[in-house]
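One structure, pasted below without further comment.
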Amino acid sequence: MAYLVPLFPLIGFLLNGVFRNSLSKGLVGIIGCGAVLASFVVSVILFLDVRAGGALAVQPLYPFIHVANFKIDFVFQVDQLSSLFLLIITGIGFLIHLYSTSYMHDETNDHFARYFSYLNLFVFSMLLLVLGANYVIMFIGWEGVGLCSYLLIGYWFKNTDYNKAANKAFIMNRIGDAGFLLGIFWLLSKLGTANYTDVFANVSNLTPTDITGITLLLFIGAMGKSAQIPLYTWLPDAMAGPTPVSALIHAATMVTAGIYMVARSNALYSLSPIAENLVAVIGIATALFAATIAIKQNDIKKVLAYSTVSQLGYMFLGLGVGAYTGSVFHVMTHAFFKALLFLGAGSVIHALHHEQDMRNMGGLKKYMPVTHWTFLIACIAIAGIPPFSGFFSKDEILAAAYAKNPVYWVLGVIGAGMTAFYMFRLYATTFLGQFRGTEEQKHHLHESPAAITIPLIILALLAFGGGFFNVPAIFGGGQQLHHYLSPVLTAEHEHEIAHSTELMLMGVSVGVALLAAIIALTKYARKPELNEPEGLGKVLANKWYIDELYDNVIVNPLLALGGFFKNVIEKSGIDGFVNGVGGFIQYSSRRLRLVQNGKVGTYILLMIFSILILWLAFWYQATITGFFQKIF
Amino acid sequence: MPIQYYIILAAALFCIGVTGVLIRRNAIIIFMCVELMLNSVNLLLVAFSKMHYAISSANNKGTAAITTGTDAQLFVFFIMVVAAAEVSVGLAIIVMMYRNVHSTDVNFLNRLKN
Amino acid sequence: MNAIIFSAGWGIIMMFCSFLVKNQSSYRHIAAVGLLVLLAANIFDTYGVDFFHIDSGKMLAYTRFGFVFNSIAIASTLIYVLLTGRDIERLGRYTAEFFTLVFFVLCGVCLLSAYNNLLMLFLGIEILTIPLYILTGSDKRNLKSNEAALKYFLMGSFSTGLMLMGIALMYGGTGTFLLESSRLQSNLYHGISFLEIVGLLFLLASMCFKVSAAPFHFWTPDVYDGAPSVVTSFMATIVKVAGFIAFLKLCTVRMSVTSTAIDWKLIFSIIIILTLLFGNITAIFQQSVKRMLAYSSISQAGFMLFALFSMNEYASKGLLMYSVAYCLATIGLFAVLVKMKDVTFEGYNGLAKTQPVLAATNAIFLFSLAGIPLTAGFLAKYYMLASIIKTGTYTWVVVAGVLFAAISVYYYFRVIQAMYFKNGEPQMESFGRSFKLGLVVLAAIIIIVGAFPQALFNWLYF
Amino acid sequence: MNSFVYLLDTVVTGNSADYVPIGIQIIFAAGFVATVMIATHLLGPKRKTAEKLENFASGIESHGNARQPLAIKYFLVAILFVLFDVEVIFFYPYAVNFKSLGWYGFIEVLLFVCFFLTGFIYIIKKGALKWED
């Protein structure tokens, strides 16, 4: 049954892709949304099955690569982890599809269909990634996701900048993928299998060096896909795509792939302290770094993008400190509120006719009530204010971080404060105060249609209530998610902190977040930041000049090296050699064909001589071969 | 007579044939030299036929199967027939060429080269 | 036996048709029907239904390999007749005789695929070549055709002389004409007499001549160039490949027996390298596509020689594959070539614009000859190279083979370049839609065989 | 016996020294060819006169050009004669074994003759033997 889940989006992709010129927009929307809805339904059934303790299903579909003893099958694995991800992907994915039918309605027919076929392919790839029962299948999905992100970011392909952004996303991802692939190869060469069950059962056959190497290489892949330092710069640029695509990338698919992969490989990571520490350090560094950048961004989508990077950092922090459940939980809640944020932002952008600069917004509260309220809920959720969902998940990670190393916790709380600050800055600048756009825009301001608001409302409910799936023991919760996932996340660290300490920690983090939120609200509701920033602000607004740094340190030297090879080595060296060979052959051709002089007598004479020579060669072949063997 | 006489005679005839092919330019004479080569082979085959009969009877105390060596003689017949067929075709080609260019010199027509 | 008798019989029927049937254009239909009958008869024979039980006294030995090859040869001839039948009619008044001779040649092919006796080898080769002398000169008023026929005839009969000398010496050494187990029959001769070896070398030289392997290839370019294109098409494909089948049998059965004491590999490697060298290098500078194809046939022969070098299972399979790939591609190329009024490279300029189907199929044929993957030619070359690698020695021959294959791309792609990237108005004879269809089918076969080679090989076993 | 099959006794042992006699023979063969060619060149007097190019017909002066155009039908008949004449060869082995082959052999020979006849019919039908134009 599991195969149905990716099958529906695949069919949707094929239908919309092949018949994009003949289908009407309505039909395209129905096919696109219907496919994802169908797989959502199947996912729910699967989830209930697994939850009811149904047989853990490893479902072989067909033999994929069979070379001698080396076997890789096309296998799907439905267990607690993958079924949960299936729900997130298909559920959120469906809402985004639904939202897109309205958001993309201005596109022409065939482009509309193209958009939906890409979208379905995206969901398909992500499902493949999650469902695969071995690293190779995961890699197929992994690559598919990368491809689709490229296609969708460059969806408006007439804009050169957008194409550049698409390229950037693809290349950055490829760098990570190379690491991922090497990790898989390493694994295959050591264990001969890539199946999760076999790998985790045979971990003991690996040396510590192997495990560290493999996990680090796999983590490089995760860095690319999940936008961690140093491979994060593609994600903010990925805003070039349509807003629902951003929502899809940030919430349901793509960036969570890295988290999924590390969580899936928890049995490996927990055996390598080096890898765990690196994951945690990279995670917290990214969380802080991205948060600082987000504070000074003026593009509504850029703020959200950096907030995603930052939140992903939290997730990796969780993974690094062994709070796997917490990370997965945060993936889930983050999916809710980040999808909500993006869709809300999309709604705003839609209403303002593709205006993305916050400085030209403001006061939208009264024009777009539904968007406003849902957006506010999302902001509270992401800021980690109880009892909204973000609080529970983020706190679980922070508690685990404290248990591991208090420094992580301190940094995490600072990051949480910044999160609250920039989110409420965003909220205040956008929805409070006075409208600062043109009269024209003001005239057209309106609440978005139902296809947009309904997903917003659903997501708002989830963003508010999503936390209750895993209420910590301290609040008398049952930790349902924790128990549900425990068969898969065997390496979960059970952190031992006293309840009082935990309460204190929560209090501090919530206090910091609330403080930051209030400062931001008061500061920006009345006097939004309209001028160009100065000093440190300018550095932050320019994203610490990281793009420029990469350009100068990596891209430009590479280009120069390429130019050197192209102009010097190839022109004079290789071309000269190749042309020389060609010239020599042509010359010998001209000479050799003179042998063919058209005279029967010559031919027969040559034949007779060759017979004699062949005879001699035959009779003295022992001497001849011996001679050659002596030379060579 | 010892077999090597025959072998040397056949080899000499064969060499004469080859030499003729090499040094003559008249197509008909070249062809005659080829026929000489074939006939040297015929001679050789017949000689070998007798030789094998002799060897066989010597090995079997004077009684060899009557058919021993006859296959070579039959082979000679086939060579003669095939040679006749070749003659008819070859002469026809030479006549055709003669009718077109009034020469039987093999080097006269030399358009196909390089 | 079916194929031999049917081909000879249908040849006689065609002969009589020449005065019984007046309508010129019906000859090729009769020939096509005859080839179909022949194919059916051979397939019957393949599965054990022999219409004539004739005791050949060990002179002929039928193998599945030989039957499959017969089928390939007959089917290729059928394709050849269907594609170029009209052009054969344009050749002169003797269309029926032309087909008669084609059938006789096929009779020789069938003999060569089954011979077990040097007499049969000799007869097969002669039945094969004598009609070809006539066909080469069939354009009677054309001086090039005359010259080609004369050269072919003189050198061919000379090589026949060599072959007969070889056979006679081998007979002297062993006392039998049988191909296999010759020495086992008579325990008189222990070891290998030098007469047999000298004979084998003579035979080797003449077989090399027949398959146009260097340094006995000199006749090939001149004869292929001078003969009428329709004849060249037949001569360069089916006939040459049949020569290889006979050669392979000679090598695997006779030489491998002697090779317990003697290694033929050095001689073969010399021949292979020379063949590849002459074929490829000389082809580069040609101005005429027809002559280029003649040289390319030499270089292809160089690759087919790999099978004789390695003499293992890969080799026989590969040779079968090669015969399919090479025959079909060359027949296709010549089918287009005979329609061209100008057979130089310039004549092909701009063909892709005026005749896209012809250009595309031509490109596929050239790809196959050059050994580009996904075509039958690639797999054929692959099998050939693999067969040598299997033997484990002389890997440098493989390296040379790959290098020369790379060189061959140059002159094959010159045609493609002319067709697609140059401007011109190619002058062509008229042709119908069925001709285009035939070419497309041919190209499809090449690609299908290239993608699913097992379809061909399974035939060897079932 | 040994004396006349000594050539057969050379057993190959893979040692190239065994082939020395062959090499000598080859060199002899090539040398023979070369000697003959060179000798004829050197020995023959070189007089380039018109008479030398004339046909030699037992001292009788030739009349006209021997290469006069000849009606092709003479040639045709001669060739056909050669072809059919030579095929008669196959009757010799049959004649030798006439009795032992019996009726079966007779039928086979009859078949052989029939093939002949088809060829003959073909020739007649094609008008190859038609003397008058």
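By letter and in written order, the chains are A, B, C and D; residue numbering begins at 1 in each of them.
Convention: a residue touches a chain if its C-beta (ideal position, glycine included) is under 8 Å from a C-beta of that chain, and two chains touch if they have at least 3 such contacts.
Chains and their UniProt names: A = NADH dehydrogenase subunit L; B = NADH-quinone oxidoreductase subunit K; C = NADH-quinone oxidoreductase subunit N; D = NADH-quinone oxidoreductase subunit A.
Because the structure is predicted, anything quoted here is derived from the model rather than measured.
*Asks:* Give me the chains shared as neighbours by chain C and chain D.
*Replies:* Expected: A, B.
*Asks:* Report which of A-C and A-D is connected by more C-beta pairs in contact.
*Replies:* Pair with more contacting C-beta pairs, A-C versus A-D: A-C.
*Asks:* Where the CA atoms of chain A average out and where those of chain C average out, how many Å apart are those spots?
*Replies:* One centre to the other, that is 58 Å.
*Asks:* Whole-Å distance, chain A centre to chain D centre, using C-alpha means?
*Replies:* Between these chains, centre-to-centre, one finds 86 Å.
*Asks:* Any idea how many Å lie between the Cα centroids of chain B and chain D?
*Replies:* The computed centroid separation for chain B versus chain D comes out at 6 Å.
*Asks:* Taking the mean of the CA coordinates per chain, how far is chain B from chain C in Å?
*Replies:* Chain centres of chain B and chain C, defined by C-alpha means, are spaced 27 Å apart.
*Asks:* Where in chain C do residues touch two or more of the other chains?
*Replies:* If we look for residues of chain C contacting two or more partner chains, we find 150-151, 154, 158, 172, 197-198, 221-222.
*Asks:* Touching two or more other chains, which residues of chain A qualify?
*Replies:* Within chain A, residues 593, 596, 598, 600, 604, 615, 621 contact more than one other chain.
*Asks:* At which residue positions does chain D touch at least two other chains?
*Replies:* 7, 14, 19, 22, in rising order.
*Asks:* Could you please specify the touching residues of chain D with respect to chain B in the complex?
*Replies:* Touching chain B from chain D are residues 1, 3-7, 29, 32-33, 36-37, 72, 75, 79-80, 82-83, 85-87, 89-90, 92-93.
*Asks:* Quick check on the complex: what are the chain A residues that touch chain C?
*Replies:* Touch list, chain A to chain C: 582, 585-586, 588-590, 592-593, 595-596, 598, 600, 602-604, 606-607, 610-611, 614-615, 617-618, 621, 624-625.
*Asks:* Tell me, which parts of chain C touch chain B in their complex?
*Replies:* 119, 122-123, 126, 130, 133-134, 137, 140-141, 143-144, 146-151, 153-154, 157-158, 160-161, 164-165, 167-169, 171-172, 175-177, 188, 221-223, 225-226
*Asks:* Touching chain C in the complex: which residues of chain B?
*Replies:* Those residues of chain B that touch chain C are 7, 10, 14, 17, 21, 27, 30-31, 34, 37-38, 40-41, 44-45, 48, 51-52, 55-56, 59, 68-69, 71-72, 74-75, 78-79, 82, 85-86, 89-90, 92-94, 96-97, 100-101, 106, 109-113.
*Asks:* Contact residues on chain D for chain A in the complex?
*Replies:* Contacts found on chain D: 14-16, 19, 22-23, 26, 30.
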